[in-house]
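Have a look at these structures, which come just after this line.
Consider the two complexes below, in which chain A is the common component and chain B and chain C are the respective partners.
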Partner chain A sequence: MSGSGRIVFENVSKFYGEVLGVNRVTISIGPGITGLVGPNGSGKTTLMNLMTGLLRPSKGRVEVLGVGTDDPETLFRMVGYCTQYDSFPPGVTGLGFIASTLRLHGLSRSEAHERAWRAIESAGLGDAAGRKVAAYSKGMRQRIRLAQALAHDPRVLVLDEPLNGLDPLARAEAIALFKQLAGEGRFVVLSSHILHEVDLLSDQVILIHHGHVVAEGAIRGVREEVTEQPLQVSVRCDRPSLVASRIFEVDSAVEARLHDDGKGLLVRTRDADRFYLLLNRLVVEHGLVLEEVAPADDDVHAVYRYLIEGDGGTS
Partner chain B sequence: MSHWVSWRRQALVIAASEVRRRLLSRGALALLVLAGAPVVLCGVRFALVFTDVGPLENTTEVAYAILYRSVLLRLTVFFGCMIVFTPMIRGDILDRSLHYWFLAPVRRSVLAAGKFMAGLAVTLAVFGATTLLTWLLVTASHGWAELSRKLASPAGLGEPAAYLAATWLACLGYGGVFLAVGIVFKQPIVPALGILGWESLLFLMPAALKKISVVHYVESLLPVAPPEGPLAIIAQPASPWIAVPGVVLVAAAALLFAARRLRRTEILYGVE
Partner chain C sequence: MAVHDRTFRPYAGPVTAPRWRFLVVTRYALREAFRPRLATLLFAGSFLIPIGSAVFIYLRYNLEALKALGGNVARMPLVDSLFFMSIMSWQSFAFGGMLALVIGPGLVSADLVNNALPLYLSRPLSRRQYVLGKLAALALPLSAMTWAPGLLLFGLQAALAEKGWMRAHAHLPLAIIAGSLLWILVLSLMALASSALTRRKLTAQSLLVGVVMGGAWIGTAVNGVFRTDWGDVINLGELMRSLQQGLYRVPLFSPLPVVAPLLVLPVLCGACLLILARRLKAKEVVR
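Presenting the complex of A and B:
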């Protein structure tokens, strides 16, 4: 299997009895933040569980940086997984929970406790370290799971809905942390049902629907591949009606809609580059004053709508 | 660090963690009741029949052998091992915490070994204490002088040592079997009752079938053979040289089976 420096799924299918989990998935995930996007039950958690060996593929093969998922001894020295399962070993304290995992990494008792302390303090749970996890709030339990996934300093971080239950401050801290880790060249694979967070975070996305990978890649690239949906461009300028009147000179234009405040318009076009050339011409020839030109639907939300919800309408 | 050193260290960490969990779990109370009941029973008997007139009668030794087999071995150790070993994996699935073990850099065979070691540590300590205490209480009922005399002689020390060895061997054998049962069956009590039924009816079985059990080998270590009853088909007890390696092999096979099953186990909490 090629791509030993990547996370690779090669023709992977997973069936739960006769129920489809994921079907014929072939993807290759590189460093940076990769967002898994899809509705509930689409197969996001199944992909993550396959990536970490919690599930075995019915067909195909999964490798993480050249290591098979049936080799936990090697795999989990470089992988940390924050699952969605909100359960813990009975009676365990926050500190004990992380320290016991670190001891399995070969650390001595004192090293494990020292490192567990650091992980707990960085998760903002220093005061609760000695308390039983069962008495933690939902947000604290999420933070302790994150701390545990990160405590051994993994190269690959798999995060299933990692921002669930976190308050706004903790969310912002977590997002900053994920970006920092990705900036260090690590692999951060995360799922979230909050699309604007995925948009904010991800370098690339994998869209999953009914167990199939619908699209993958950088979000702008994915959007450009959805050719049956014209691109939407929002233009703020001093004379939107001029733009609207000239727009259909470009045969790829589909629709122009003036903004309610009369200071802009939304254009739908099958060829954004030709539209931008037209705008340049209007600026040069007619002195059009442009305030802002921005794609209006090259985000995860729009791609999700087009590819998964099958929405062809304008926003 | 060599693989073996690393695996041993990981198994010990797992075992220590599991011992704490087992001693803090609800099953610990049931374990204490099971282990304590024979001691209380013998304590009551001691209070009622204590006499300082010795010498120790042979009937007392036989009475203890019967008590040991019918209460300690068949009930206390059997169900105690079931309580300790079957939830080692099944309990983690039910409380949805098995994935934490699976997400650690640990071979699943090492996980199985660590959990088995934890179960052994608990059962050897608890049922070993039960065995020695019950033997002491029954033997001491004929007076302290008699007890001292018996303990001072080589044969006297050999008797409790033999019972202790039998208990430990039973923990090893049943432990392995119940660890495997706990991985395979969602309701381990059903196969456990099947095993108990089989072993209870073993006295009616021909010699060849008696060998397919744990209790046959364990009982061959007993210093005093308890009476079998009129319907029993008597078979030659296994030699200790066969009994001990035999049970060790059974435990090893069960552990190997458990490790293989664990390697194929997936986290499917929703359907468990």
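Presenting the complex of A and C:
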């Protein structure tokens, strides 16, 4: 298998009896932030569990940085996993929880406690370190889970719905942290239902539906691949009706819809480059004053709609 | 395409040997297991018989002290294989059984109910090590209650007894260790399996009692109906008694041959391991 410096799934299938988990997944994940996107039950968590060796594939092979997932001793030196389940061993305190997980990583008592303190303080839970996790709020429990995933300094972070339950400030801090970790060259693989956050965070996305990988790659590249859906371009200018009247000179244009305020329009076209050339011509020949030209549907949300919800309408 | 600095350097310090990593699970399991006072009381109480036996052995060879207490050595039972077998039976079956019943069923069920297995198994820890860790949490206190004091008593008796006693009873250390360890293994595996099977401590405790008592009742019924002794192969107490008789070389009380427990107990352990292998999974899939 190639790609020892990447997370590689090679023709991986996972069936739970007769129920499909994921089917024939072949992907390669590089450093940076990778967002797993898909509806409930699409196979995101299955993919993460396969990546962390908690599930074994029915077929195919998974390797994380060249290490097979059936070797927990080596694998979990590199991987930190934050599951979506709000579950902890009974009666454990925040500090005890992280220290015990670090002891399982083979750290000495003093090293484990030092790192546990560091992790707990970086999660903003220093005051609650000695309290039982069961008495934590949902947001605190989410933060302690994140802290345990990070405490042993893993190179690969697998985070299942890591922003769930966090208040806006904690979300912003978590997002900044993920970006910082990715900036250090780590692999951050996360799933989220909140598409704008995935969009904000991810260097690349993997879209999953019914256990199949529908698309993967940088989001703009994925959007360009969806050729059956015309691209939407939002244009703010002084004479939108002029643009609307000329747009169909370009045979790839599909639709032009004027904004309600009369200061712009939304164009759907199968060839964005030709549309941009037309705009240039209008600026030169008619003195059109452009305020803004921006793609309106090259985000995760649009791609999700087109590929997973099968929505062909305009936004 | 994002550009990354690749400044990350992983932890490169020393780590403990993987083969002993299961003891971390044991340590935390023990802390939880002995949280109820009953477990601590049982554990402490289990030393009464070994302490009493040590006093008995001492007095048996210290006639002045015995006389001062009004005792008579002629009326004192011999310290022989039967003596040791009786002590170890009390320690193993009575105290060990009760302690296993109190702490064993909660060892795994608590993690299953709290869905904590993924947390353990997303570490450098295999399912085998997890089971070993939990098993050790039961095996360590049971060892402290059984073969450890048994060996100390044997050492005391050997030191005080007349010449030739040790040679005549050279089989006892092996009998104490092997008999105890086998019982500890069977008991611990049964406790863990019942814990994994039912996911509720009280139900697991009932199941454990049910298997031991039910086996005895059914075995007795089979013996009565079919006029045989082979019904005892499902009677755990009888199986262990038969094994102990073989190990301690005492006259037969049990009608079962020593080969019976040697055949049945591995099957029982295998069944428990099978249950653990099927129930202890990192991810539970709801279909």
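Everything below uses one rule, namely that the second predicted complex is superposed on the first by the 315 of 315 C-alpha atoms of A that agree within 3 Å, B and C clash if a C-alpha of one lies under 4 Å from a C-alpha of the other, contacts with A are read in each partner's own complex, and residues count from 1 in each chain.
By our rule, contacts are C-beta pairs under 8 Å (C-beta built on N, C-alpha and C of every residue); 3 or more make two chains touch, one makes a residue touch a chain.
Keep in mind that what you see is a predicted model, and the values were worked out from it rather than measured.
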Following the overlay on chain A, give me a clash-or-fit verdict for chain B and chain C. clash
Once the structures are superposed on A, label A:F248 by its partner contacts, choosing first (chain B), second (chain C), both or neither. neither
Please work out whether A:P31 is in contact with chain B alone, chain C alone, both, or neither, and reply first, second, both or neither. second
Which of the two, chain B or chain C, is in touch with more residues of chain A? C
First (chain B), second (chain C), both or neither touched by A:T83: both
For A:D153, decide between first (touching chain B), second (touching chain C), both and neither. second
Examine A:Y276 and indicate which partner it touches, taking first as chain B and second as chain C; both and neither are also allowed. neither
First (chain B), second (chain C), both or neither touched by A:E73: both
Could you give the residue numbers on chain A that contact chain B in one complex and chain C in the other? 16, 49, 52-55, 72-77, 81, 83, 85, 87-91, 100-101, 103-106
Once bound in the complex, which stretches of chain A touch chain B? 16, 49, 52-56, 70, 72-77, 81, 83, 85, 87-91, 100-101, 103-106
Could you list, by residue number, the parts of chain C that touch chain A in their complex? 1-2, 4-8, 10-11, 13-18, 21, 24-25, 27-28, 32, 35, 110-111, 114-116, 118-126, 282-283, 285, 287
In their shared complex, chain A is touched by residues of chain B numbered 1, 6, 9-10, 13-14, 17, 20-21, 24-25, 92, 95-97, 99-100, 102-108, 263-264, 266-269, 271
Chain A to chain C touching residues, read off their complex: 16-17, 19, 21, 31-33, 49, 52-55, 72-79, 81, 83, 85, 87-92, 100-101, 103-108, 111, 148, 152-155, 181-186, 203, 218
